[in-house]
Amino acid sequence: MSGVVHGGAPDVVTFGETMALFTADTPGPLPHVPSLSLGIGGAESNVAVALRRLGTSVAWVGRVGADSLGELVVRELRGEGIDVVPVRDESAPTGLMIKERRTADALKVWYYRAGSAGSRLEPEDVPDDLVTGARLLHVTGITPALSPSAAAATHHAIDLAREAGVPVSFDLNYRAALWSREEAGEQFRRIMAKVDIVFAGDDEAGIAVGPASDPRELARRMAAEGPSQAVLKRGDQGCLALIDGKEYAREAVPVRVVDTVGAGDAFVGGYLAELLGGAEADRRLRTATQVGAFACLVPGDWEGMPRRSELHLLAPEDPVSR
Amino acid sequence: MSGVVHGGAPDVVTFGETMALFTADTPGPLPHVPSLSLGIGGAESNVAVALRRLGTSVAWVGRVGADSLGELVVRELRGEGIDVVPVRDESAPTGLMIKERRTADALKVWYYRAGSAGSRLEPEDVPDDLVTGARLLHVTGITPALSPSAAAATHHAIDLAREAGVPVSFDLNYRAALWSREEAGEQFRRIMAKVDIVFAGDDEAGIAVGPASDPRELARRMAAEGPSQAVLKRGDQGCLALIDGKEYAREAVPVRVVDTVGAGDAFVGGYLAELLGGAEADRRLRTATQVGAFACLVPGDWEGMPRRSELHLLAPEDPVSR
Amino acid sequence: MSGVVHGGAPDVVTFGETMALFTADTPGPLPHVPSLSLGIGGAESNVAVALRRLGTSVAWVGRVGADSLGELVVRELRGEGIDVVPVRDESAPTGLMIKERRTADALKVWYYRAGSAGSRLEPEDVPDDLVTGARLLHVTGITPALSPSAAAATHHAIDLAREAGVPVSFDLNYRAALWSREEAGEQFRRIMAKVDIVFAGDDEAGIAVGPASDPRELARRMAAEGPSQAVLKRGDQGCLALIDGKEYAREAVPVRVVDTVGAGDAFVGGYLAELLGGAEADRRLRTATQVGAFACLVPGDWEGMPRRSELHLLAPEDPVSR
Amino acid sequence: MSGVVHGGAPDVVTFGETMALFTADTPGPLPHVPSLSLGIGGAESNVAVALRRLGTSVAWVGRVGADSLGELVVRELRGEGIDVVPVRDESAPTGLMIKERRTADALKVWYYRAGSAGSRLEPEDVPDDLVTGARLLHVTGITPALSPSAAAATHHAIDLAREAGVPVSFDLNYRAALWSREEAGEQFRRIMAKVDIVFAGDDEAGIAVGPASDPRELARRMAAEGPSQAVLKRGDQGCLALIDGKEYAREAVPVRVVDTVGAGDAFVGGYLAELLGGAEADRRLRTATQVGAFACLVPGDWEGMPRRSELHLLAPEDPVSR
Amino acid sequence: MSGVVHGGAPDVVTFGETMALFTADTPGPLPHVPSLSLGIGGAESNVAVALRRLGTSVAWVGRVGADSLGELVVRELRGEGIDVVPVRDESAPTGLMIKERRTADALKVWYYRAGSAGSRLEPEDVPDDLVTGARLLHVTGITPALSPSAAAATHHAIDLAREAGVPVSFDLNYRAALWSREEAGEQFRRIMAKVDIVFAGDDEAGIAVGPASDPRELARRMAAEGPSQAVLKRGDQGCLALIDGKEYAREAVPVRVVDTVGAGDAFVGGYLAELLGGAEADRRLRTATQVGAFACLVPGDWEGMPRRSELHLLAPEDPVSR
Amino acid sequence: MSGVVHGGAPDVVTFGETMALFTADTPGPLPHVPSLSLGIGGAESNVAVALRRLGTSVAWVGRVGADSLGELVVRELRGEGIDVVPVRDESAPTGLMIKERRTADALKVWYYRAGSAGSRLEPEDVPDDLVTGARLLHVTGITPALSPSAAAATHHAIDLAREAGVPVSFDLNYRAALWSREEAGEQFRRIMAKVDIVFAGDDEAGIAVGPASDPRELARRMAAEGPSQAVLKRGDQGCLALIDGKEYAREAVPVRVVDTVGAGDAFVGGYLAELLGGAEADRRLRTATQVGAFACLVPGDWEGMPRRSELHLLAPEDPVSR
């Protein structure tokens, strides 16, 4: 879009691999599923959608192949109003994943991302001025696991942000298919030492700072690594956070779960949107919890992310307003 | 149909606007929904279907456009065995509504009914002899909100029925998109003064006779306006009625809810079918409650309405009878 | 419907077996087809739909089982505005057929009609006053092949019509799955001797009156059996008729064929509608040809039958009228 | 397949009628369901699939028509790696059934199996050496209800197995559509007297040995008829068994039920797979219970049957493992 | 997107009404169509998509409602990389249209656009600097027919462009549902007097400058009204143009037509993209013809528009390149 | 399967990579396609299906991953009655391809087969006794392009067959995505020198023996490399062959093409089935041509392959046989 339409840089910058996503239309083993729907998915772009729908301007950077699935990734994110900075990689295909709904409650996910365009992200792919002009940089623990160049891109962007005084948030997002817990733990600690906000699940936190049965202990250890805001996403157990030395906890919003994938990214989006809006910690966690719960009510990783005006549907007075 | 097939006039006459209804095939925001199913919906025709399936003969009167959606409305109702008295309006389109299943639990409904054929109903559209020959006239609070001529048609039919000694039932059915609570309340009271049976939800009753926390108080106030039978439809809280001065209450049948839309109309159909069959108040409310519960078990506003022989499926001994 | 709505008897009466019809949604062998659509089909009800859409009132009589597929048959025909006189058979299921689209151009049809409700039609099932009050009785050569009682019903109705001065039309509709050419030929001749109008394809005419390479010879022989109107339906070769001793011929309307099933029934409907409207032979054949061509443009046996106002779409000036 | 690929006879042999199965794609009365999916179903082949997926080699014998639905039956079972011994019957069609999902919780099933190929099974259809070479023969109470020749085939195979020292398992599987409780009870007792393992639901056991409120009493009575292993499948109440004179009981695995059809067959498959694997009674019942629960989590009678490696998904630590 | 990402104004600016579009998934009368797909359509946005895919930057301006269908319009166009300048109208709904595929060859289109947000476009909605900063303004004859304010917006933008030296192109796009031929003709002439390029079909040209059997005469008359480039789009008869006083003609590319809707807009996009790229008239018409033909090969008004790299698929050497 | 069921070795043995295949359900760019169907595809397994349906026993050998797509490949081929000899590769995923139907006439195919299980085929994977016990070995030019080990497997199997006196057929099947024309040409010639039958398209033959405008020249040159049977598959131009020194030619069967993919494999299957059945060259080519034409009439690479009893549907006397 032209300068006529937008003014200035986006508030949040994020980057990573977004893949094409084939989702089985019905539960059951793949050989018995007659059709699949085609969409996209990626932790960072999920967060970007959550932020955008809540009113925060956001840019997403990533590599895609010079193929139709790459066009799909760009098209879907642009459609959301995200500033997409695609790097078209002529030498590698867009990664893809297949979601098999093996039962009504359990997924199998099959990846075709080895050597993908998205995994070939390089430090030069992320425009410096985007990062330094932003109000927040968001990274995840997936990107450094993709390739050495992607890991370098992550550190380069974090260092750039720090120098420019741009706060950095980091979601551990451990992916067992990409690396071992040991490799991940070491990298997580390296990154945590340089960021302001860290998000993790209980198990992920354990990878980074050693397992502990008490989530408050996990939060304390994460904060001890550097971040002033350490937030534990605990699913249907709510969340717990240590923010500027003070402890916060919140129960989950009870919902009839349809699809939990993307709920963690929704939570992060909710938290960061409120943070950038100047809200207090309590409210950040409340909105994060609501947005996370909302995302569980719609199938798809990110398609159901709420606008602010929709959050009231979590507890509709009348399920049908005619 | 010929006189060979049917004899005499239908037991119940009702009229109103029935619209084409596009329902999203999957939950999620409309921009992410790949397909929608096409059907029809209207409170009065929903009641007509419920009655017909329970064995009561019924006529439905309404205006539709000279278009394919109008043909759809007529076709679906005729298919149900309802005596359809369509008025084809060459100058206005059939109204339509779109059901967005924003989440698995919350709908958004979008209307295109302003100036629709259905809203142009006139007093002359309802055949006098149909009304005077019936055993019951059923009207709703939607029709008077559609247009002055539709309001006039409502009062004309009620007056005609009263003169002919035909009892009248009235479901408040408040639609916030059509008028204010104040306008509705005044009209509701005008109609209640002339009818024998009134149905309402707690909130709707409050619009008509002022809010009250005790539903028995609401029933009493409604009965005080004129009707000898005042019935409160209270969803998963069951129902409560003041019938010929005596109070009745009933709990809801517990079901795994799939779609609540149309459940209120199903309840009304169950009640009226039993009334015309000569059943006592207790049994009317029991059947009403069962039919309402049944309607929640199938998607669609009216498609799932039960036949009498199907009511036992509410509590099947064996979910599969082979 | 009540006498208020309709007056008098329908113009045309027909009867026969209408079955549930499962149609493969995509071409290919059934084991590779993921889904099928559920509809209905029957030669006589197809003609009834064609007549009704062209403005002729029509009654259809037939047996169906006390099952959901029987409800479907009744529902679809009632939806079309046909006077349905269903006989519910508690002892036999509704027949069904499966349409396998083995290739894009060739069907396989599988029948489950042995012992079906529809095949148990009896003479008493067809109301006498419906037949004697009609302006035309239409029968096919399928019904006498279903069972002895169904054959008896056919002759009973024809005799009744003749006595009452009601003209009878007869479409040979040979079904190889039901009987031999010899059995059929004998029955065909017995019926032809008693009817006024006969329709046949070239091959069917050959079954009845002996094969001949010249269609005019076939028409002459058919007329020699009794009918004053003998009409040969010749598909993409048009039609040829001997009407009141005079020969008529007409070319087919060239169309991009989608589905030929039902085109013959459409042709018959077009002819009879014009006949009852008082049109000359030329016009009957023209409309028959148009309606037959139109039916080839839409998938489904009868769903695409045209209204009069739609016939111009056969040769649209502008394929999209906005 | 060649001797190169497989060696020796299958461990389990079973036979019976497997039909084509049309399942409504959405809940609601059939006339309102736009499409159905085509699959297959049969109690014995369901057990065969359960066994095969758990690693047991198995042969299935049955008659199918010389039609596309017969090809479907053979194709689906072969696809599972089952040794299919089809008898093609040129004179009768493959049976079919239609699953109407009348509500979200209650099915109606419509059968077209009278005179079907499958019901014409004869004693000669089951290869003697398959039975005598197996480690277990599994029969159900459906087959003897299909026809006298099918009943004869059942007894012939059982007798053959007994003579050869091959143990026999028997699942009562009462089908009310096929015979009376009295007829069934007598036949059940005749078979029970000759088998080693018997499976039944509480009500089915009552048909065979007289109703009793205490399931332990039912198990005792069944064992008294002959079988050394009497197992009661009790759905969400778990299971109870009398095995070699010792009583065992087990609670059901709590799951969010999607489709209970086939769960009983899954249970039987789980039990028999463990038995053949040499497991103790406790473990047989545990696996049976797990496999039965698993089958409830996927739509379809058998498509969701688990492999051993999938049983852990019953209680996933993380619903999405990426 | 931010100024970081894009620099400068888009090359082409266009505006108009883009509506939600429900397209029947199968041919047949709407009452028999089980599902519809949801998309968008609008002549100007179709041209914008064609231009964007051919590499030209483009901005689209239009009003949409504050509803889900408005979000859909914005989302789809943004997804294409178009600079969308939406005006959200809180007081009116997004217009919609329904495409009934009455036969395989003929559409019926039903409009719900009276009083729509899109029809309420006002002169102030189109940013002045967008127009004056562009290299071309494209308008159609639909917008002035929507409302007086939309007509005013059209003239305002044209005048602004002319003053700024920005060339203007105009596609007559006559819509019979919106106004009479006389009203349209007068308005067309008023606009033609002020533009540089005019596109029309033969019939549309006749509305503007009087009917003529010779298309060259039509082109001459159009050019005589002012435009230096008058281009006749003649469907499967190719095209004919009078450009800077010289006549050009071109045959259509023969294709197996799937859907002609949008082909005219594709043609215009092809012509304008080449014009802005500095191509000669011959090449403009060749690309226009190719892009128009390509659009006929894919269902949907604009979804199939080609990229430059795809034009070779019009005549693939090998239909499958593996 | 057990020795009871099958006796002896399969007539034909083939091997290669069979991949999962996602096919867009509707034409259009992938980002606009709402769903895809999941199947499988591979040139060698396509030939195997064609052979099996024509009555020839056949074994297929190939590597698949230990994943759901690998199960799909095995399941589909087993379902066809093919002796599947799967090698499960725990270290690599099953390859996949995506068929984008860019227009109604042109495909784009996207591959994810680099490093796939199928490409890791090794000489030891193909059981020696399968090859030496067969009546024919069929190989393609795809396998040697997959990897050095797959090329070695190809040569190993050919050498084994030659030593055992088993004839070998070879389809060039050039895949531009896998290697250059030069690399392919060299390998093609190496294989041709050792086989008895060779199949190629005109362009493929040119790769192997140098381009020539006269197909007879191409056939002569191919035969000169060694094979006694050189067959040119020429699509809608029919076929041309040099068999035992004699030239044969045949025109294509004219059909309304739905999907040409797999037609070449169908042709090969038809030829080889007749060869093994002892038919003369003329008849081999006639059946090959028919089977190839038939395959064009059904969507899918192999699903539509005909049985012998279905070949008459190529020119049905009556498109619907009821």
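Order of writing sets the chain letters: A, B, C, D, E and F. Residues in each chain are counted from 1.
Going forward, contacts are C-beta pairs under 8 Å (C-beta built on N, C-alpha and C of every residue); 3 or more make two chains touch, one makes a residue touch a chain.
If you want to know which protein each chain is, UniProt gives these names: A, B, C, D, E, F = Sugar kinase.
On a predicted model such as this, the values are computed, not experimentally measured, just so you know.
Participant: Treat each pair of touching chains as one step and give the shortest count from subunit B to subunit F.
Facilitator: 1
Participant: Which chains, if any, touch subunit A and subunit C both?
Facilitator: Of all the chains present, those in contact with both subunit A and subunit C are B, D, E, F.
Participant: Most remote chain relative to subunit E, going by C-alpha centroids?
Facilitator: D
Participant: Based on CA centres, what chain would you say lies at the far end from subunit C?
Facilitator: Farthest from subunit C by mean C-alpha position: A.
Participant: Looking at where subunit A touches subunit D, is over half of the residue numbers used by both copies, so same, or under half, so different?
Facilitator: Because under half of the interface numbers appear in both copies, subunit D and subunit A meet with different residues.
Participant: Taking each chain's centre as the mean position of its Cα atoms, how many Å separate subunit A from subunit E?
Facilitator: Distance between chain centres: 39 Å.
Participant: Measuring from the mean C-alpha position of subunit C to the mean C-alpha position of subunit D, what distance in angstrom results?
Facilitator: Here the centre of subunit D sits 45 Å away from the centre of subunit C.
Participant: I need the residues of subunit D touching at least two other chains; which ones are they?
Facilitator: 29, 31, 34-35, 37, 75-76, 79, 108
Participant: Report the topology of the inter-chain touch graph, choosing from line, ring, star, complete and other.
Facilitator: complete
Participant: Which residues of subunit E touch subunit A once you look at their complex with the stated criterion?
Facilitator: By the definition above, subunit E touches subunit A via 1-10, 57, 59, 74-76, 78-81, 83-85, 127, 129-130, 133.
Participant: If we count contacts the way the header does, which residues on subunit B are in touch with subunit E in the complex?
Facilitator: Residue list for subunit B touching subunit E: 22, 25, 29-31, 33-38, 67-69, 71-72, 75-76, 93, 96, 98, 100, 108, 110, 112, 114-115.
Participant: For a test of understanding, state which residues of subunit D touch subunit B in their complex under the given definition.
Facilitator: Residue positions touching the partner: 26-29, 31-32, 34, 102-109, 111, 175-177, 203, 260-261.
Participant: Residues of subunit E touching subunit F in their complex?
Facilitator: Contacts found on subunit E: 37, 79, 255-256, 258, 294, 297-300, 303-304, 310, 313, 316, 318-322.
Participant: Show which residues of subunit A lie in contact with subunit C when the two form their complex.
Facilitator: 34-35
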